[in-house]
Amino acid sequence: MLYRRLGTSGLKLSALSFGAWVTFGSQVARDQARNLVAAAWDNGINFFDNAEGYANGRAEQVMGDVIADLRLPRDGFCVSSKVFFGSAVDPAPTQRGLSRKHVTDACHAALKRLRVDYLDLYYCHRPDADTPIAETVHAMDILVRQGKVLYWGTSEWSAMQIQEALDVARRHNLQGPTMEQPQYNLLHRDRVEREYAPLYAEAGLGTTTFSPLASGLLTGKYNDGFPAGSRLGLDDMAWLQDIVLGADGAARLQQVRRYTALATELGVAPATLAIAWCLRNPNVSSVILGASRVEQLLQNLQALELVVALDEAAWGQVEAVFA
Amino acid sequence: MLYRRLGTSGLKLSALSFGAWVTFGSQVARDQARNLVAAAWDNGINFFDNAEGYANGRAEQVMGDVIADLRLPRDGFCVSSKVFFGSAVDPAPTQRGLSRKHVTDACHAALKRLRVDYLDLYYCHRPDADTPIAETVHAMDILVRQGKVLYWGTSEWSAMQIQEALDVARRHNLQGPTMEQPQYNLLHRDRVEREYAPLYAEAGLGTTTFSPLASGLLTGKYNDGFPAGSRLGLDDMAWLQDIVLGADGAARLQQVRRYTALATELGVAPATLAIAWCLRNPNVSSVILGASRVEQLLQNLQALELVVALDEAAWGQVEAVFA
Amino acid sequence: MLYRRLGTSGLKLSALSFGAWVTFGSQVARDQARNLVAAAWDNGINFFDNAEGYANGRAEQVMGDVIADLRLPRDGFCVSSKVFFGSAVDPAPTQRGLSRKHVTDACHAALKRLRVDYLDLYYCHRPDADTPIAETVHAMDILVRQGKVLYWGTSEWSAMQIQEALDVARRHNLQGPTMEQPQYNLLHRDRVEREYAPLYAEAGLGTTTFSPLASGLLTGKYNDGFPAGSRLGLDDMAWLQDIVLGADGAARLQQVRRYTALATELGVAPATLAIAWCLRNPNVSSVILGASRVEQLLQNLQALELVVALDEAAWGQVEAVFA
Amino acid sequence: MLYRRLGTSGLKLSALSFGAWVTFGSQVARDQARNLVAAAWDNGINFFDNAEGYANGRAEQVMGDVIADLRLPRDGFCVSSKVFFGSAVDPAPTQRGLSRKHVTDACHAALKRLRVDYLDLYYCHRPDADTPIAETVHAMDILVRQGKVLYWGTSEWSAMQIQEALDVARRHNLQGPTMEQPQYNLLHRDRVEREYAPLYAEAGLGTTTFSPLASGLLTGKYNDGFPAGSRLGLDDMAWLQDIVLGADGAARLQQVRRYTALATELGVAPATLAIAWCLRNPNVSSVILGASRVEQLLQNLQALELVVALDEAAWGQVEAVFA
């Protein structure tokens, strides 16, 4: 495994990490969850990503049980939670968002579900227009001082919002955000590559990126449509189709078909190639993998070798597809 | 239910909330208290107001028992306490006021009586001329950092006193006050509408207002005097009569009679109309309702519909009565 | 009882308070200690003064047991400790002084002996030339933030040393000292009246003064020498004789004899008069009384009436004796 | 025993102290460890030095057991730990270094192994190029505020790195480093005497020095080579030979032989002389002794007398050998 610093912080995360989104607590049975975490850990993954909103808190519960069951050493792994969407099925007004109350309540709930004394990483899962950024930064700072959170950050915030959080922290001598968790893949790269660019240099921002396969699109499995049973084929994931494909869906799908063909030509799995591509960006601290089967996870882990095995000419071809 | 932010904070309170003053621990039996809290909660009320001084701490005790008994989710409701008057029948010099000692002792006592780990809102129930504001702000800041209080504020402080608390907090990098709890009703509106005006814009102050019915006066039930058995007819509430009616009592009572007539004309209960009027002020975060019977509470909740149902002409007529 | 603010702080102490020095844990049996605290409390005394160095910690232990036994309400009384001399018979280098280590260890030990969760007042019992004042201020600030101490102060520090502590606190945004515990009586008044004068006005310093009877001298009982069995007659108190009488011992003793005669003339006990005299100074927050018998304590409490009963002419005569 | 302040701090350490490096948890049996700590304590040593990295945490475990077993008074002794190398045999990326995570995890682990509530001294065992100094200072500050650490410092940092830590602390109002733990002996003195010089005067830095005998070299026992069974003769200590002797090993060894001869001439043990020499430097707060036998420890303690017994002429001769 390759380990990278979380931005300029001293925390070293495995360059590939494991996320519980849309699998733990819903698609995947507890035994399978245990196998996945065990395989991840055995292969050097030390960061397990989670959120209060994943399967209404059940993803954290399953992960907490599995980690306790596997007796992973607390100082050897990192676990995250994220606050914003709430864990209740129909969250009350105080049960979501980034108010001091919810940030605090959600942290305590996550600690309990994950069965740990502290969260290594705690994210604001989205910006909250109804809460001043200063209130959230103060709430996070208090959790850090109480020892309940080590590093806090954001997910899908704009560079300007992150900058404001950094400014508040500097002005009031508080712990500022250390990392962002953005979407990042061949189809969705602007924010990570352009918008956040000043934050890497000036604030040492780290990133833990999600959706390296664009919700599975880059595996090529949707090249001929969205079959029932696949993630994007799920009824309640229709919104995701729209997000992934966007306005120029047809053109994008065409690119993906050319990309898949190129991968075959290069003799590599399109998924592995897509993950390896993410790793090439030095501002990516860790690429979060989602997987519902161990074999899938192990295949994805081959991206670590691929990133060095492929030559620059090949990478140039990949870039050309999405130019 | 309608939810509003507490000033510019991220905390969302129900626009109508429930207070325990002069009912819990005294007038109202425990079973009845349980029914009231249950009805409030079932109707979307998420803020339960209390104080150490209400029935010498018994109001908090009853509310704590009832909330525990109803198993309300801790992250779904907000509970407050207030410090100043003490909970002892004959408080010793250290058992009241806003000294660091009493602010701290009273918080711990309220947490115990209310059976919670933290207070969502903690108010300085009155200004204390015998304690420097800075001492109180420091004491509140420490409670916030210890996780025992989320938001602290004041009740019946002058704008200048609130401003001083805000200044101390800014100067020393402490958590400043978030909200005020003032009296606010058709007969008593100057402070909320004029005196505090600069604090809404500049400091984002929220308000949780009490006495929307002017101690029952605006129901019209005192139009012909103060009957025995009514709140203002209670012997130990004589002081309240004076406060409510003031120097120009006769003229005020005349206004109330005209107001009651207007309500009848509009086909609405005077009480509901008076509460709806409070809600029209966007600087009011939550109107605290006192009720000793469930039916009374449910009637008061109709103010939520009334505030949108009534047209501007009707509201103009209401204003004209008290012009 | 008369209550006074501790300087400009919000803490209200009884103007006469009760100290455990040279009595608890040594001269006085536990039953007698219980009677003394009970009598003090019944007469409105709310401040019980102690120190780690009094009878090597036994004074705190006895007081803690007695207070627990009497079930005094924690928010109704104030208890102090002082750190510097250590509680060990032969203190090791880390078991005395004002290092961060000893200030912290001594606080924890005092909390345990006094059987309380926090100290209302915690004093630096002497200045410590071997510890930077900043280190002590930081250590005190941390204890205040942890909720283990409410107000901290000094005892027998020079005005300049107190000023430095205040400066450090202001510069680093820390909790500064609130009070001093100096000796103050008719024979020893310069420091309280002159040296500390600027600190009352500018920093709101409070004072809890000890030795109002100049170690018994002002009772007149040593007018004819130091009898065996009296405090100043104790072998191990020889050093105190020197301190009390000083270089011009003979002249002082002569003043005391004239003072005693004047008291008799005015029809009051010399001790009561001496205590009442201390109370006349508005910068004295509380006069700490030492007593080994209940009757003695009750007599001393009469100073509260005496201070208002005596006219200015009489006070003028008292002053003239010591001019 | 002689006691010295740790730099300008108020903490008084025995000028000779006892370290567990390369003995506890490995060379030395538990009974022997108990005898060594007991002998050290009985002779006035109050500082016991340790690190997570000594024998993979076993050194701390043994010391914790022994201290508990001997019932040493917690306010009478000081115990240290150091963070950097990790305690795992093959530390994972998050199990070593100075990240906020490892600094925090390692503190908790050391508290548990040493069976204490707080560490008196906590060192950054080496600089960590992969962690910003500010992150480490913040992590240490939080541990100090939580009461888990009293004084923190560094070991083998450059003056510039220490200066940066001091600057960060001043700028952000945090607890800065109090002491350094450098190597210091007749063969290795530049850093302590020159590089750190400005830090003593300007920042009051204290030093607890290790290796007074240059890993045994100054005892003269390696004058004729490195015998099997001796520390520098151990296979896994080959790296230490290189460090101790360095590039000009032959010349150094020659100096040592002349030094040994001089000691014999002066009638003192070379080891005792070397330790006494360290004590002559007033910027050395405490010289840490390593010993695997009680007799060896007792002999080393004679350095306390030697340092005053020897005249300046003799010390001049010692200096001349290493000129």
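Lettered A, B, C and D in written order, each chain numbered from 1.
We adopt the following convention: a contact is a pair of C-beta atoms (placed from the backbone, for glycine too) under 8 Å apart; a residue touches a chain by one contact, two chains touch by 3 or more.
Note that the coordinates shown come from a computational prediction; the quantities given were computed from them, not determined experimentally.
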Examine where the copies chain A and chain D touch and state whether the two sides share over half of their residue numbers (same) or under half (different).
different
Rotating chain C onto its identical copy chain D by a Cα superposition takes an angle, to the nearest 5 degrees, of 90
What's the distance between the Cα centroids of chain A and chain D, rounded to whole Å?
44
Separation of the C-alpha centres, chain A versus chain C, in whole Å, is 62
Would you give the residues of chain A that are in contact with at least 2 other chains, written as numbers and ranges?
145, 173
Take each protein chain as a node, join two nodes whenever their chains touch, and name the resulting shape: line, ring, star, complete or other.
ring
In the complex, chain B residues that touch chain A:
3, 5, 8-12, 14, 46, 73-78, 118, 120, 144-145, 147, 150-151, 173, 175, 204
Residues of chain D that touch chain A when the two form their complex
88, 92-95, 97-102, 104-106, 109, 128, 130-132, 135-136, 138, 142, 145-146, 172-173
